[in-house]
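Working notes for the structure below.
Chain lettering (A, B and C) follows the sequence in which the chains are written, and residue indices restart at 1 in each chain.
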Amino acid sequence: MAHAEIDFGKASRAALKDPQLRANFRRAMDGLMSKRAAQFADSAEWHAMRALGASVRLRALSKLPELLEKLEETCTRNGITVHWASTTDEANAIVLEIMLRVNAKLAVKGKSMVSEEMHLNAFLEKHGIEALEADLGEYIVQLDQEMPSHIIMPAIHKNTKQIAQLFREKIKEAEYTEDVAQLTDLARRVLRKKFMNADVGISGVNAAVAETGTLCLVENEGNGRMVTTVPPVHIALMGLEKVVEKLEDVPPVLSLLTRSATAQPITTYVNMITTPRKHGEKDGPREIHLVILDNGRSKIYADEELRHTLRCIRCGACMNHCPVYTRVGGHAYQAPYPGPIGKILIPQIEGLGTRGAMPHACTMCNACVEICPVQIPIANLMNRLREEAVHPGPAVKDAGAQASKAEALVWKGWAATFSSPTAYRMATTVLSAVGNAAPASLPLLKEWTSVRVKPRFAGRTLHDLARDRGIPDA
Amino acid sequence: MPDARSSILASLRASRDAHPVETVASDFTVLREKRWEPAERLERVKRMMEAVHTEFVDATEQDWPAVVQAVLREAGAKTLLYAPATDAGARLESGWAEGGPELVRYDRPVDEFKEEMFTGIDAGITQTLGAIADTGSLVLWPGADEPRLLSLVPHIHIALLKADALYDTFWQVMTENRWAEGMPTNALLISGPSKTADIEQTLAYGVHGPKRLIVVVIH
Amino acid sequence: MTNSRPSTVYFFGTCLVDLFYPQAGMAGIELLQREGIRVVFPQGQSCCGQPAYNSGYKDEALKVARAQLALFTADWPVVVPSGSCAGMMKTHWPDLFKGTPEEARATAVAGRVFELTQFLVNVLDVSLTDKGEPVRVTWHASCHAQREMGVRDEPKALLRQLANVELVELKREKECCGFGGTFAVRHPEISAAMVEDKVADIEGTGARAVVSGDCGCLMNINGALEAGKKPVQGKHIAEFLLERTHGTR
């Protein structure tokens, strides 16, 4: 069943024309890149750490079914209720059931990209439950009814003035101020009341430890600790790939994560949750639920090459270094995960029918490959998805959806010409002679010549010059 | 109709059995080799934490309650929430002088006084298990005696750090102390007062967690 | 790092050089010959296969790559005046030929592929004397040269040998110019934005020429420079080095 293709081209063209957006992202990405570089200034340490990070993630993936079973076992023993969801619909239903059972009217949320995949907030709202984002960046985009534009810094597309105006408009008690400290203090006051009164706290999971049944969360603001400690019920949402085998696997993963994501040696808080409130303890949730979500990940896991997408620790460094993301921003992708990881993950989750453009929104510059803390071969996976897009097959959802007889013929013709020295020589002779007469308005040339002059065919090829000069052939 | 759990596990198992995931051995040398001289550790902890607005004061085993009291008076704090069931709590009580701030006991479930904790408490005090030099982080294991919210809800968090309870790395403290054999309800690393850079990447302190983190180093 | 010095090398010109920048290819050959290396240019060569490979047509790419592989019968190094094409051969041919009868041969040849400046610096340790007038230039580091071939300082080391050449670095030397092969026509506006930024960066250096090791980048950058009627010119490093050293040591 074909769905309307999500028009990345249109969205990116609109973004390119927005000078404020361009300036915001250029400045933000430059800053993030240089700060990250400072964190990994010791080249030997960087290489050792990313090798260790990759090994931890690969080991977890190699035992994924066993580790998920073990995680369930240890969590259950700890008093954490474990739920499994094949689809986001199932996950939403699980969350709703818990909410209804405890008569929840207000949920406060720590940042969770999985919850964005689920469109959880909209779903809960439909059922009369308010889901309030407590991470400041998420709170900002929620106020403006937008999606986050970056997985680590959700409001990165906004500058201070825009946020000041938003707060004035949307928060009752707000006076107009562009002072960042005052804006922050306002958010603190508003959200503090909510933490106190919320019925349920919802969080993501940065790493779930199978060995001990521990959920690890990193954050700077304190909202994560608030939502996982104050309300009587805590629901943690995780993609099934987020499990690690041992507790000792956590420090290298978190170190790579925080240094790559926000260029910090560590976040303000590292929060490791193992049980609900025990007898005699005076705070903490009475119920903790862990929802393990599939949503296409088990299909990704099935492919030997594409499964490396699942190494991702969601640091966002790839998008910080992506020259395409820097220019179009996160919203152009219209997905919870933008940038390079988005371009390989989203087409696999949502299919190459609606998302066929994504793997091509890439120059293969490999900047992301260079800085991925767990050595995901992003460019190779991007290329594989380009192949899947034009060849029907079982590996990826809607594979072949972008197949075009015309394009296939072009490449067949190209292969026939370029694999035959005689045909190649004929073709290049013709091109050298008449290629420059091609009008700039031809398809493909038209796109090129919008900002460049036509490429100029030389009168004689290198083959000709080499022959003239007597360069030996063998 | 198989449930989600069965179908997910069956699918993963079949995939992995058909195509095992190639692994590489995990080499923790890079973490093991992150060591500092004992004398350097405290200096590094202070430097890293002060860089993110943590405040440090020195004290001795004898005078720390007085030091805490002085710090809080200067901060204008009217109330201090503390855990009476801990050693530090007992010492605090006995070492506390007249004239405020008022000591408030955290000896009952938060549900019984939540509004007061959120709106009527200026500071909270906790012990720590130590600090980590690599990242500039305090290690906390809250529990029945010393509840979690002490270091989160009050606007000022006072953390007691024994000057010799210092570790090199997060990995070291958890492996040497065999955390994997028994994790508490909640284990925390705290590396500064709460902060955010979500507004145009400009750092702002005191978002949802404490606005001030004051470490009392007990020599 | 110095590899042992071979007596003969294959020169793989690349299709872009063949059609649009044959002078750059010839300059590369001359630079090698000048060092006493016997350069062999198999006339049967065409393309490394990258255009099809990056469009998702791996079978077609393999067909063309196979035809190239057949030409490299001797175990001489293969020198390529393009980081992008060298990268295709070195890092992707082993995958492309996986499971085929030629897999071992392709992997062996891939192991002998050098980007031109890498070869000049790390294998031949060339020494250059500048005969030209003072000039300010800047260097654009192509993505695949850096990230697939591991080219780091070699090109700039060559430029720094030229006494009358003032090398001013770009603010964002390592950032992609926006060519990306078919990307330039699939996402022309994003590509345009990227090349415009690169042009602004180049202009900001005050350089009279921008030197690069990749003709894809050059076609892109030069195309934009000319369209914008900018006085700056883009040149392939092989041509630039040969001109500056006037064809003598």
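Observations on the structure shown:
Convention: contacts are C-beta pairs under 8 Å (C-beta built on N, C-alpha and C of every residue); 3 or more make two chains touch, one makes a residue touch a chain.
Given the structure is predicted, the values throughout are model-derived calculations rather than measurements.
Chain A has the Cα centre that lies closest to the mean of all protein Cα atoms in view. Comparing the chain pairs A-C and A-B, the larger number of C-beta pairs in contact belongs to A-B. Using the average of C-alpha coordinates as each chain's centre, C ends up farthest from chain B. Chain B and chain C have Cα centroids separated by 53 Å. In whole angstrom, the spacing between the mean C-alpha positions of chain A and chain C is 33.
Chain A and chain B have CA centres that are 30 Å apart.
The residues of chain C lying in touch with chain A in their complex are 11, 13, 15, 17-23, 25-26, 29, 38-47, 51-61, 63-64, 66-67, 73-74, 95, 143-144, 146-148, 174-176, 178-196, 219-220, 223-224, 226-227. Listing the residues of chain A that touch chain B in their complex gives 24, 27-28, 31-32, 45, 48-49, 51-52, 54-56, 58-59, 61-62, 64-65, 68-69, 84-86, 90, 134-137, 140, 153-156, 158-160, 163, 180-181, 183-185, 187-188, 191-193, 195-196, 211-214, 220-223, 225-226, 229-230, 240, 246-252, 254-255, 262, 265-278, 280-284, 292, 294, 298-299, 301-302, 304, 307. Residues of chain A touching chain C in their complex: 9, 12-13, 16, 22, 323-324, 327-328, 360-367, 369-370, 380, 383, 386-391, 407-408, 411-412, 414-415, 418-421, 424, 428, 431-432, 435, 444, 447-458, 460-467, 469, 471-474. Contact residues on chain B toward chain A in their complex (touch as defined above): 3-5, 7-9, 11-16, 18-31, 48, 52, 106-110, 114-115, 118, 134-137, 143-144, 147-149, 152-153, 169-171, 174-175, 179-180, 183-202, 204-210.
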